[in-house]
Amino acid sequence: MNRRNFLKTTALAALAATSARWNLAMAAGTGSILTLAHPTSFPDLDPATSFSNDGAVLANVYEGLARYIPATETAPAKIEPLLATSWDISEDGKTWTFHLRDGVKFHDGSPLTSEAVKGSIERTRKIGGGASFIWGSVTAIETPEPLKVVFTLSEPQPLDLVASAGFAAWIYAPSSFGKDNAWFNAGNDAGTGPFRISRYQPGQRAVLDRVEGYWGKVPEGAFQTVSFEVVEDATLAQNMIESGQADWTYSLPYENLEALKSNPNLDVVVNPSFETLFGLYNVKRAPLDKVKVRQALSLAFPYDDVIAAGTSGFATRAKGVVPAGIWGHDADAPVPKTDLEAAKALLAEEGIEPGLELVMTYSTSQSLEAVAGELWKANLETLGITLTLQPMAWEAQWQLAKSSPEAAQNIFVMFWWPTFVTPYDYLFNLFHSEEKPNFNLGYYSNADVDAKIEEAAKLSGTDRARAEKLFIEAQRKIIEDAAAVFMVDQPNVHVIRKDVKGYTDNPAYGHVTFVNELSR
Amino acid sequence: MTRLVQRLGWPGTLALAIVVLFVAVALLAPWIAPYPAQGAGTPNVLAKLSPPSAGYWLGTDHLGRDILSRIIYGTRVSLTNGMLIVAFSLLIGLPVGLAAGYFGGWVDEALMRGTDIFLAFPALLLAVLMAAALGPGFLNSIIAVAVTWWPWYARLARAEVLVLRGQPYVEAARLAGVSHPRIILRHILPATGRPLTVQAALDVGPALLTAAALSFLGLGVLPPTADWGQMVDAGRKFFPDRWWYSAMPGLTIFIVALAFSVLGDALRDRRQGARHASA
Amino acid sequence: MELLRYILRRTILSAFVVLGVTFLVFIVAQVVPSDPAALYAGPRPTAAQIEKARQELNLDAPLPARFATFAMAMASGDFGVSYKSRRLISEDLRAYLPATLELAIFSTGLALLIGIPLGVVAAARQGKWPDRLGSLGSIAAVAMPTFFLAMLLQLVFAQWLGILPLSGRLSREIAIGAPLPAVTNFNMIDALLAGRLDAFVDAVKHLILPALTLASYPAGVAMRLTRSAMIDILERRHVVAARALGLSEPRILFGHALPNAMGPALTVIGLSFAYALTGAVLVEIIFAWPGLGHYVSEAILAKDFPVIAAVTMVVTICYVAMNLIIDIAQALVDPRVALT
Amino acid sequence: MPLLDIRNLSVSIPTPDGDVHAVRAVSLEIERGEIHGVIGESGCGKTMTGMAVLGLVPKGARIAADRFHFDGEDLSDHAGRLRGRRIGLISQDPAAALNPVLSIARQMDDVIRAHRSLPRKARRAEAAALLAATGLPDPEKVLKSYPHQLSGGMQQRVVIAQALATGADFLIADEPTTALDVSVGAQVLDLLRRLVAERGLTVLMITHDMDVIAEACDRATVLYAGRSVETGPVAGVLKQPGHPYTRALLAALPDAAPPGARLAAIDGSIPAPRSVITGCAFAARCPQAMPLCSAEPPPERRRDAHRWLCHLPEDAA
């Protein structure tokens, strides 16, 4: 220890001469720079097609009509006005009128108008990429007044939730409607948000500078510049946050979080996320076409061990597919507990002999999926079932699953997060009958569940309480059918420097930091 | 024993001993691993990431498995990996080289230009490309490396054959009307095979290193099978605080590759020495 | 004249090899078990979006037609767009290739600088302790797994001693606070062009650890090759003659014997350069070096074929070109080769 | 006092399989201004003797001698210092003796610079002058050349010029004509004779070619199996050889044989270099051998300045 410190000190002293000058110069400036270390790059900065981690950048450059604020212990969830100050819904839930905020300017200086809103959503829909399908039920957009937009829907839909989505719901300046994807990805922007992109190095960083005359409130000591650094390596990210080179990061190994918690300079912010991990059983391929076999597998899943070993106890047990924090979450869902004896009995009932072989596919890049698989495999081994773990590139895994029920895997493990905050997003995509499945990769089909999901969807704009009840009923049916094994709700763990004030995590916008609200 | 030392020198003998030791470890893995089940992949969650101790000599991994047992089981994968890579490469390279060298002319030209294309790729990149195309897995990663490896054997074999082809007994056989396959099998193959096999045996070390690099990139064997390269990668996110996870398998790779390298040097020196003495 | 013919022959052969490589890359790509359209359509596409992507990418065309398109595009330097990011690959390469070349060139230089003098000394002191130590070191360098060495260097120099940066190409203070104008994308050159000594020093500091990692193996090989070449040369008559003529020992070693060992040195340049280009896949990940290796490893995870193909092609062309240059250099350095 | 005075020189090289006795007992006395030939079959130790004088024996080799003097200085201590200053070497194969990748100018310059501190231009002029002195017609052109661009004779002249450049007064010429055409070889020998005469040099001429001895040398020493078995004025050694080996050498050389023919036609082979020899080394091949020959070292016989080692009485010669 002494020796190491000695070496360190001498080495530092030797370098002091060269580096002292500019370190000093930098120290003066860093106060107004916020550095966010992101583990993945920002593939698409086009507000129409962005559908990935790029949302973290865009959410500081663009704004939607509204923003979802999740429930806290003291307050229920709400949808906060943003570019719209208020909105009205017609009786039948098919006509939505949004009143726009006055005095908002785009970064190019043009004012926010109903035409801009209409044009943005139309461009987004016309390109048809990313999450543009969220506007699928909109049949017409009218602009009766400069600050008033009227949406007509084909069927009732919670358009307030759609309008506050983290993807495809951004409003951008009319001057950019004619621009193509490449223009945006060259680092240009056309938003109303507090920051604009000043420099973009794909795969490395995006640097944003504060825009003069932002309409919203700017706290004292707010940041002038924010740098989104792409740091794929968790070791490096951890090193940066510990040394103060980064102010915020996530996706560090759970095992290292205890040590970070005790670091006086850091806050470890743990929050439920809207991401949930589950395995879809292929119900069209024997022997998982039998409910009892599926139930047995779910009983053999080591729920607590996965939380302990895979997430160091940070995650929580999944209660069905809709995670905690989203309306429609079923806190009392009758999910199974690990019980190998019961599993054995069920298998015996169906006459399953030892020697059964099953294939589980998961995405190469997801280490938690691998841990879950390895632990599950060990449990199944005691039941005489061999589980082959098949890590694949996501596209390949998906491709195999879609090919045909006979050729596909037995168990498809994946994470799901909602495009916008509604249980419909989980239930419809994953469990609603599909002719040619896109994400219903277990080929699950149940008319009763389909009906409940469809009806709940229609009600979610107008009668959210009833919709929620229907969604929960559908989920219970799915659990009863053991269509999937619900593993864990992934926690959001963000590590942030203590001197950064005003941080809250909003799981509706995955890993987005609203920098305008922060200060040092 | 003393003769062995005399022939290989002390470093060579030590290296040979290490290689033999690891082969033994691979064969006897289930009997000598302190925790055979963990070596084979069974998690042991309660003890996860424990530092080296009396119970776990080299510590445990993120699922609480004994690193020593994992390394012992990984020996099987790594050595088989290395051996299969050279075996596959020989299987492709030897016939190609034999044919090119024996028949000469356009056959030689066509086969050798073909191998040139493979040699034009930087080897690891081609292996990565192949592994990416084939997907991860034990056999796939071996094929991926073998694809980059065989042209060397083709060249070696060709060079050996070119020397042999001019030998009087081969000429005689040819004049006597012995068929080509027969000449190749009877006269050429045995004489070419021996130097090539020695070379191949020594290449197990480098092959193992390449395979480790692939599995470090996540293109090797599938979990939960233990593999050294993959262990180093898995442990990297806990490095350096839980150094043992990465360092132990990393050191193991280093020691084995070093042993092969030193042994190879010793054998080469011996061959050169023999040539000097006879000259 | 002979030299010209020699160069011409080598160039034609290289062109042939590049064509073969193009074909091989294309064939390998056909094996990739992934749906490019699904990848191109975005993170969570609908069936309609995938179908649209399929048409855009012309994936339904027959195989030979697609190879023709592919080869033509490659020949014109148009690598298409990445399925994953949908960015122009040629634009990405402009940013990543210099980073990798910078690393490869620097590490090659380092390998020669370490390996050759050590080899000369080992040969001159054959059998003595500098020789034994050097030989041991070179074997160790060759047997060391790159990725493990990278981690160890980071641990010692970045985390314990803290004298060199852990990773990246430039300090963030410079990259964000006072960025360099991207003229060549070679940071050292750009820094000099801009007259920024601080940035230059910073760029060099960032280069040292990854370059050292990549240099260790070729340095070991360089040492061994130089040593054996020098031992061979030192026994040759002209060296004995030079001794008999009363030349000093350093003069004989470096002035007379070493120029004869240029052959192995050039071989090492080729080897080291190739090693750095491919080792980049491992080293760039560990050192977060924004180069081709980094770029392609992401593409591999995503099965982003156009990127994989483009990088493979570019690296292979660099490699083939380097070999060509070295062959020609061999001919130039040794006046006798020109005649063969 | 002879310029080079060697008594009973031995050079042995330890190997894992036992010592190699490259030189067993060589005695040489070379007077100033003479060309002294040393002749013998390959492996007889003639080159190693030359190397020992230059202090260039292989690593680990052991040198012993009753006397090993050059101009009064003990070579065991001073070979390194004398080499290149007073003692020069003209190598066997000029193509090998010149560095293939350096220009002649550079190689000449290196030698001159090692011995004299002159400005660059003067060194260049000196190099040209030395080349001219060896009879090269266009020194400037030669200086710009690389070795492979010169003929064998020209290369040998360059090598001689290099030896002259050191300022050495004693040259060891190791088979200077072997690699050359006969006519070119003769020219080189003429050149050497001329240089000896003009510059007062002394030359130790190592050769296996009796013609070279006859044409160029004043005195000669015959080596066999690492021993000097006969020495004396060339006329005596050639006309009235004392040692049966010398006689066999001369007999094996038919009058009709082309000059420069190899010495190969003696039955049997030389003793293995690792063997220990008690009696006369030639005993096994000697047509006149007696039982005594392989048992005891032969005594020295002499006729004036002509001496040889043999059990046979003087008149038998």
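Order of writing sets the chain letters: A, B, C and D. Residues in each chain are counted from 1.
FYI, contacts are C-beta pairs under 8 Å (C-beta built on N, C-alpha and C of every residue); 3 or more make two chains touch, one makes a residue touch a chain.
Only a predicted model underlies this, so the values are computations on that prediction, with no experimental measurement involved.
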item: Remotest chain, chain C as reference, centres from CA atoms; value: D
item: Comparison of C-D and A-C by number of C-beta pairs in contact, larger one; value: A-C
item: Chain whose averaged C-alpha position falls nearest the assembly-wide average; value: C
item: Euclidean distance of C-alpha centroids - chain A vs chain D, Å; value: 90
item: Chain centre separation (chain B, chain D; CA means) in Å; value: 54
item: Interchain centroid distance [CA atoms averaged], chain A/chain C, Å; value: 38
item: Residues of chain A whose C-beta touches two or more other chains; value: 364, 396
item: In chain C, residues with contacts to at least two other chains; value: 33, 159, 285-286, 301, 303
item: Which pairs of chains touch, using the document's own definition; value: A-B, A-C, B-C, C-D
item: Contact set on chain B toward chain A in their complex; value: 41-43, 45, 48-49, 62-64, 135-136, 218, 222-224, 236-239, 241-242
item: Residue ranges of chain D in contact with chain C within the complex; value: 51, 54, 56, 59, 83-85, 87-89, 91-93, 96-102, 110-111, 114-115, 146, 148, 159, 162-163, 165-166, 172
item: Residue ranges of chain B in contact with chain C within the complex; value: 113-114, 116-118, 120-126, 128-130, 132-135, 205, 209, 212-213, 216-219, 229, 232-233, 236, 239-240, 243, 246, 250-251, 253-254, 257-258, 260-262, 265
item: Chain A partner contacts - residues on chain C that touch it in the complex; value: 33-35, 38-39, 41-44, 46-49, 52, 84-88, 92, 95-96, 159-163, 166-167, 172-173, 175-177, 179, 198, 201, 285-286, 288, 290, 294-295, 298, 301-303
item: Parts of chain C lying in touch with chain D, wherever the complex brings them together; value: 126-127, 236-238, 240-248, 251, 255-256, 259-260, 262, 333-336, 339
